[in-house]
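Handing you a structure now.
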């Protein structure tokens, strides 16, 4: 499906902050997306665990890809994140799943897990869908 | 107050991800903290606005400093963020304010504004306070 | 201002669940509202403190009045509630304050306090504003 | 398992606000619970849809039963609720599922659906677990 692969490539090429955080998009389907983030020393906070901001960014990124997978530009308006376990090394994975979609609003769940499939964070995000296309 | 300045210096020196995101701690008091983040091209998402992850990281950082200002190690367990206006350039500022504090749990509000004091995001975070000190 | 008093009266007359919960609307301004709920035995949960659902309903009610005070029908889409202190007797008060308002979305903060102004809960709610009027 | 049935009976007998809202507990297992709420005219808000407070109360109730199913007294500290579709008549069902459990904190997801299994709301709640038993 060419539209979806165009959107996939758009995010890989244009999300500069995701790249700055070492996040790699793995897959995107209509309403879902997966990415990974290999933990680097600069992901850590003062307590030497992965910073909540890095975990959030990974979750927010797959949320953005999933909600924009429909081709309509969408912007996150509300996110809730439960931080459940600390992560210190290895690779983090995030997967976004669509919970609800209507013409104006869409809601997604994201799970962030480590390599042992231990749940690191759970994110719920709602986006507002504009009437313009994500791709030019 | 020496303890507080030690904690201030601890965060400046040891929060690697905050540094990676270009965040600078401006001040810390008991239960509050302020920081700034000059917007760089690598803070942007595909829509050319500051990534939700960068805004969150700025908010989460002042939350962490504020809740740890009491000297007891605290970890964020739940955050809610309303993204209210897009930011594209200039400097973002975040300020954390204490809403509630008891021996085990503490809750903070964070406002993120731009240079014109326009509200970019509003964050509410709850932390769990461990029985160990933040500083060695 | 007659429109606002019409909206005030509309909520007093038509919000059946608020009435079922013993909630009384005290005041409404553009973008804000206040209400009270005298605690009754049937507000309690099994732990003999006021049920989170009763506290939430009080907060959600002033949120609804405040966001609808502008005359445009609005529906809550996301709420986050931090429960900070238990309440057992007396009167609870809630006040909604506008944080952000645009044509489609609006965000409010609500504080719920007891008679001693102790903070019981803090609520952040976002609503979607439809293109129809709240009043017939 | 007798402890669990004691907890089940405790909630049925002692949660006065759940009863006031017409909520019936259907089942409880370790870490999960189900309940229903037949919609009554007094559940409605001014827009003639089920009040967010009634939907929240149903969700919060199964959250409380699920987190207390382990026998240790737990109190909700943070809840996030996405309201996805309006409900007007019939029966609402809520089911709580455990996401994370440790000695001090536990997090649950609750889905609220109508009779056609349409998703009405999605709730994420975190509780603090005290060192006392729920039953006397």
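Observations, loosely collected:
Labels A, B, C and D are assigned to the chains in the order they are written; within every chain, residues are numbered from 1.
Basically, a contact is a pair of C-beta atoms (placed from the backbone, for glycine too) under 8 Å apart; a residue touches a chain by one contact, two chains touch by 3 or more.
Computed from a predicted model, the values in this text were never measured in an experiment.
Hopping across touching chains, the smallest step count from subunit B to subunit D is 1. Shared residue numbers account for over half of those found at the interface formed by subunit A and subunit B, and the copies are therefore classed as meeting with the same residues.
Between the Cα centres of subunit A and subunit B there is a gap of 21 Å. Taking each chain's centre as the mean of its C-alpha atoms, subunit B lies 29 Å from subunit C. One simple way to say how far apart two chains are is to compare their mean CA positions; for subunit A and subunit C this gives 33 Å.
The set of subunit C residues that touch two or more partner chains comprises 77-78, 80, 82, 126. Partner subunit A is touched in their complex by these residues of subunit C: 77-78, 80, 104-105, 126, 128.
Within the complex formed with subunit B, the subunit A residues making contact are 10-11, 14-21, 41-47, 50-54, 56-58, 60-61, 64, 73, 75-83, 86, 134.
Put simply, subunit A touches subunit D in their complex at residues 80, 82, 84-85, 99-100, 107, 109, 119, 122, 124, 126.
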